[in-house]
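Two complexes, one shared chain (chain A), two partners (chain B, chain C).
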Partner chain A sequence: MMGQGRLAAWGIGLAALVALPFLYRDPYHLHILVLILIWSFAYTSWSMMGRFGLVSLGHGGFMGIGAYVTALLWNHLGWSPWIGIPVSMVAAGALALIVGYPCFRFRITGHYFVLVTLALSGIVLQVITATRDYTGGSLGYTPNRTSGNKLLALQFDDKTTWYLIALGVWLFGIVVWHWVDRSMARYALEAISEDEDAAAAAGVDVTAEKLKITLLSALMTALAGAIYCQYQMFITPDTVSGIAVSLQMVFAAIVGGLFVSLGPTFGAVITILLAETLRIGFGTKAVGWDNLVYGVLLVLFIIFLPKGILGSVLDRLKPQRKVPRAHEQEAVQVARPGT
Partner chain B sequence: MQAFLDVFDIYLLEAVINGILLGGVLALLALGLNLIFGVIDVTWICYAELVMIGMYAMYFLVQVYGVSYFVAAPLTIVLVALLGAALHYLVIAPLLTAPPINQLLATGGVLFVLQSFATVAFGIDFRNLGIRLPVLAFGDMNFSYARLLSFLAALVGMVAVYLFMTRTFTGTAIRAISQDRQIMALMGVDTRRIYLITSALGGALAGLAACLLVLQYDVHPFVGLSFGPITFLICVLGGLGNFIGGFIAAFVFAEIISLGGLFSDLEWGYVLAFAFFIVMMFIRPAGLLARRR
Partner chain C sequence: MLEVSGLVKRFGGFTAVNNVSFRVDQGEILGLIGPNGSGKSTIFNMLSGTLAPSSGSILFDGHEIAGLAPHRIINRGIGRTFQIPRPFRRLTIFENVALAGFYGQGRHSRIKAEEAAERSLAMVGLPTDRHASVDGLGAAGLKKLELAKALATAPKLLLADESLGGLDEAEMDQAADMLRNIRDELGITIIWVEHIMGVLMRVVDRVMVLDHGEKISEGLPSAVAGDPRVIEVYLGTDAETTQAAAAEARRRAGG
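== the complex of A and B ==
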């Protein structure tokens, strides 16, 4: 179990986060915080499987499904997002199983797995663009504003409500992360990522374990997409789907640190603040400069700080207590259950 | 009814031939990517962005500086080849011992850099060479000279690479390295030099593809996204690092896109190609030509 001190730190931190919007009401800063929380949840979802060496570039696809299915059901069939979000999650989960099963069954790993999942986000992007009669294509899509019950339509005007929703979803992601971290599945998946044959020989059902974590990750990513859609009330294929979004997830998780529960969150804080600062710093005249600096920083990060910022810092603080595992060649696991 | 069938067949034939012509350029792209993967064991996610830079180089040389197309093309090929070598030297070389996924992500970062560099330097306008090649009418079927030219040039490029790989010492060394990375260093081959040459060669192929694609398509900073993913799919379908598999897969994909586009929008051609790809993953997970284990 968690130590008393750790638990207390979490409690105080959470209380501060919940209290924040009631004490501080600047809408712009709250908006940035909501975005950070939603994306943190998405990045955490990605890292659920990313930390076990299952690097997916297909999560842009799951996120796109979450956002678009929810919005389409609302606009065309009038289904409340309370039904639409579960439906979209089921759709994303089904897709994850369809693509995941052959990959895992036929032992598609490494480069192959990355490229197959890359194709997945490509296909979702193309389908959204191709069905432009329904989805608005690359011009984007807006869920209809409700005139009735706001709770039923999951549409709120004030940032505080959204902040609390995003906080709840983010917390849910962290809890799931810890749940997986403490489960048997984690040991099975770590064994798999080190050596599939050895794991299988030791009685681990490789395909089933991989499928389970992929399904969980896809479901959560779709939820992130749906929440993002409900908050922004405007989605385009490029902002919720496709390769750029997938890469963005991977980068943020790597920058923050894959193997610690708050790593992806930390990555989201850094990348979003960086992007915002660059965007404001360079202003509207210099389109593209922000991304240029962003990209250069990412490359430097991967070359010089492969453990991620939080991972590296925690690494410094704690003396190394165990031999690094093969799948974490660079990154030593630092957040361990029971400490 | 008979008239309808006649028309249909003509269109079908036209689509089939256009697919073959499209396949040439795709095969060229796949060859470059396969070369890098087979020899250095790295996937350049930013490969299509190198092509994009090459297309801009062609645009500026031809449209702005008024250089003739046939002078501009070699210059562009050399430029992109240098870019490929620089990519290897600056990004891949420091990461050679890192986990493969880090190498892949670093090139993903380069993708962002190149895209935003193009946005900063050239703006987001669509640009083209302003060269409109005539359309070749053959019976009732129409083919653009640009496609025909690209197809032939792509074939010539591929034959040149084949000859280089089989007839020269360096080419033999490249093929040997792709078979066994460790032993070749012991045999006195300078691995770093070979890697650099391979990267330059991969870049040169991207440059050639750029010279050909710029004849058919407008260039803009995000043009790479429109054929990048399809190139990766082709490489995976053919088996990563498998040159012949990639060549065949390129034509299979081109036909699907072309025929799919005949019955519906071009995007649905792409969607069909993706769907086909997923199905093939079930049937032949290790690539078209792979033997079942």
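== the complex of A and C ==
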């Protein structure tokens, strides 16, 4: 339940975030903030299913589809991103259903599910690289600059506009997260993550529930990819797809905290600041170091801080609600005849 | 209300349930007993949709339900408990039951589901407080939770799987009374699988005995307890134990 105080805190925080680009105009810092917001949205999308034990390493694939399909439709067919983005999301969603349905129907769970999704992001990366006549292969791809209406082409030059778009998309992700969190579907997915047979015995259509959350997560991740592409105006297979991007999502979500709404956002702040620090501090000598650091930290976090940084901090801060143990209550009821 | 005919389940070359037929009438409590591995749980799993029968038919309220997915069978009105309680520990007690109330009744209304959860928890005697954790429940509490989950799905037929394992005598009698109350007050028909014969005999209307996947006896508790075939397979051939158990069963059935 969201109390008055928390609602007020969210309101003030949001107002500050909206006001920020009008008061502070350093383009580099705004650029970093836009990146953080877009990746936060991607990580939040991943955590929608990740928090229920559906660990996907295929989300790099969904993100790549979102970015490339939008850019290809624009360059080759002249379709505005306003149409291209929904089309790319549908494509990613269709792929999610095609991969997800057999997995869920035939109960491919745990490590095996991770392996199937790992193959998915590998395949998408390979397809992008292999169709280099259209996608530019590993050299990357640039959407054509528009000479007409910038709004129609979703191409803006100033950072403030992009900051506000990214903020809106990020906020949308947080709202969806809360919507799922407060829905009955959350009960069902928690139950499924613990015991599929028992969930089915409670009346849950296990396959359908898993497919729904996977679809939602894939659609949102594709949107993140498309927005990233429109902002950067340059994409390569390695920056928006593939296993490295997928692993980065897992890392950020787990480090930030899988089970709190702002956890993935916190993870994005950490990963992007880490990558930027390494890039500026060590330059080309440190290429790939961030991935090494991610790997080591991921292992440490899973072992020592499974709730992530934000999740653990919030746990500490939360006033210990007095939760009466059920058996104590039973004792109370027994001791009180006539109830 | 339930009409099972020619039910067969094979696992590879092993026949777990072999050509079993029976019927359950509205408002009845049918006891299902038999030694370990006699096919009781396999029958339950087929009735609840966890397993698809190799052959045979299961008619529920006149509709064929053999091979339907578990959630469809529950939505038609067959609820079940598990032999070993399977609570969802990441949810509170209330959420466990509300989940069953929501999905078990076709996902219509969250409010109705929460009302069903409150009723079911009260029926089995668990706290209706929304924040109580499952971790606070002991063996008896977990069995009650299992029952509350099944009740929240608003079943017409309840499949209760060995509800009493791991309980002491007083708790066992309490649980047996609860099953009878569920039938008397809610009008729910029950099939009850149980190892512990004495308690079962006291509550059920009819008993069916399985051995090696086949039905070997069926009838009133007192008659079945005296059936030599039942005594042989279920209670063993140790004369003294057998007679004591049969006498106990008759005493309980009579009382």
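As a convention for this text, the second predicted complex is superposed on the first by the 300 of 339 C-alpha atoms of A that agree within 3 Å, B and C clash if a C-alpha of one lies under 4 Å from a C-alpha of the other, contacts with A are read in each partner's own complex, and residues count from 1 in each chain.
We adopt the following convention: contacts are C-beta pairs under 8 Å (C-beta built on N, C-alpha and C of every residue); 3 or more make two chains touch, one makes a residue touch a chain.
Given the structure is predicted, the values throughout are model-derived calculations rather than measurements.
Legend: residue contacts after superposition of the two complexes on their common chain; A:Q126 is shown touching chain B, with no touch to chain C. When chain B and chain C are set side by side, the one touching more residues of chain A is B.
After overlaying the two complexes on the shared chain, residue contacts for A:L215 are found with neither chain B nor chain C. Of the two partner chains, neither chain B nor chain C is touched by A:L20. In the superposition on chain A, A:P306 makes contact with chain B only, while chain C stays out of contact range.
Of the two partner chains, chain B is the only one that A:V99 touches; chain C does not reach it. Residue contacts after overlaying the shared chain place A:L247 against chain B, while chain C stays out of touching range.
Where the contact sets of chain A with chain B and with chain C meet, they give residues 329-330.
By the touch criterion stated above, chain C contacts chain A in their complex at residues 48-50, 69-71, 74-75, 80, 82, 86-91, 93, 95-96, 98-100, 102-107, 110, 113, 125-127, 129, 131-138, 141, 149-150, 153. Residue ranges on chain A touching chain B, taken from their complex, read 53, 55, 98-99, 102-103, 106-108, 110-112, 114-116, 118-119, 122-123, 126-127, 129-130, 242-244, 247, 250-251, 254, 286-292, 294-296, 298-299, 301-303, 306, 329-330.
Residues of chain B that touch chain A in their complex: 37, 43, 45, 91, 94-95, 98-102, 104-106, 108-113, 115-120, 124, 221, 225, 228-230, 232-233, 235-236, 240, 265, 267-268, 270-271, 274-275, 277-278, 281-282, 285-286. Residues of chain A that touch chain C in their complex: 184, 187-188, 190-191, 193-195, 197-206, 321, 323-330, 333.
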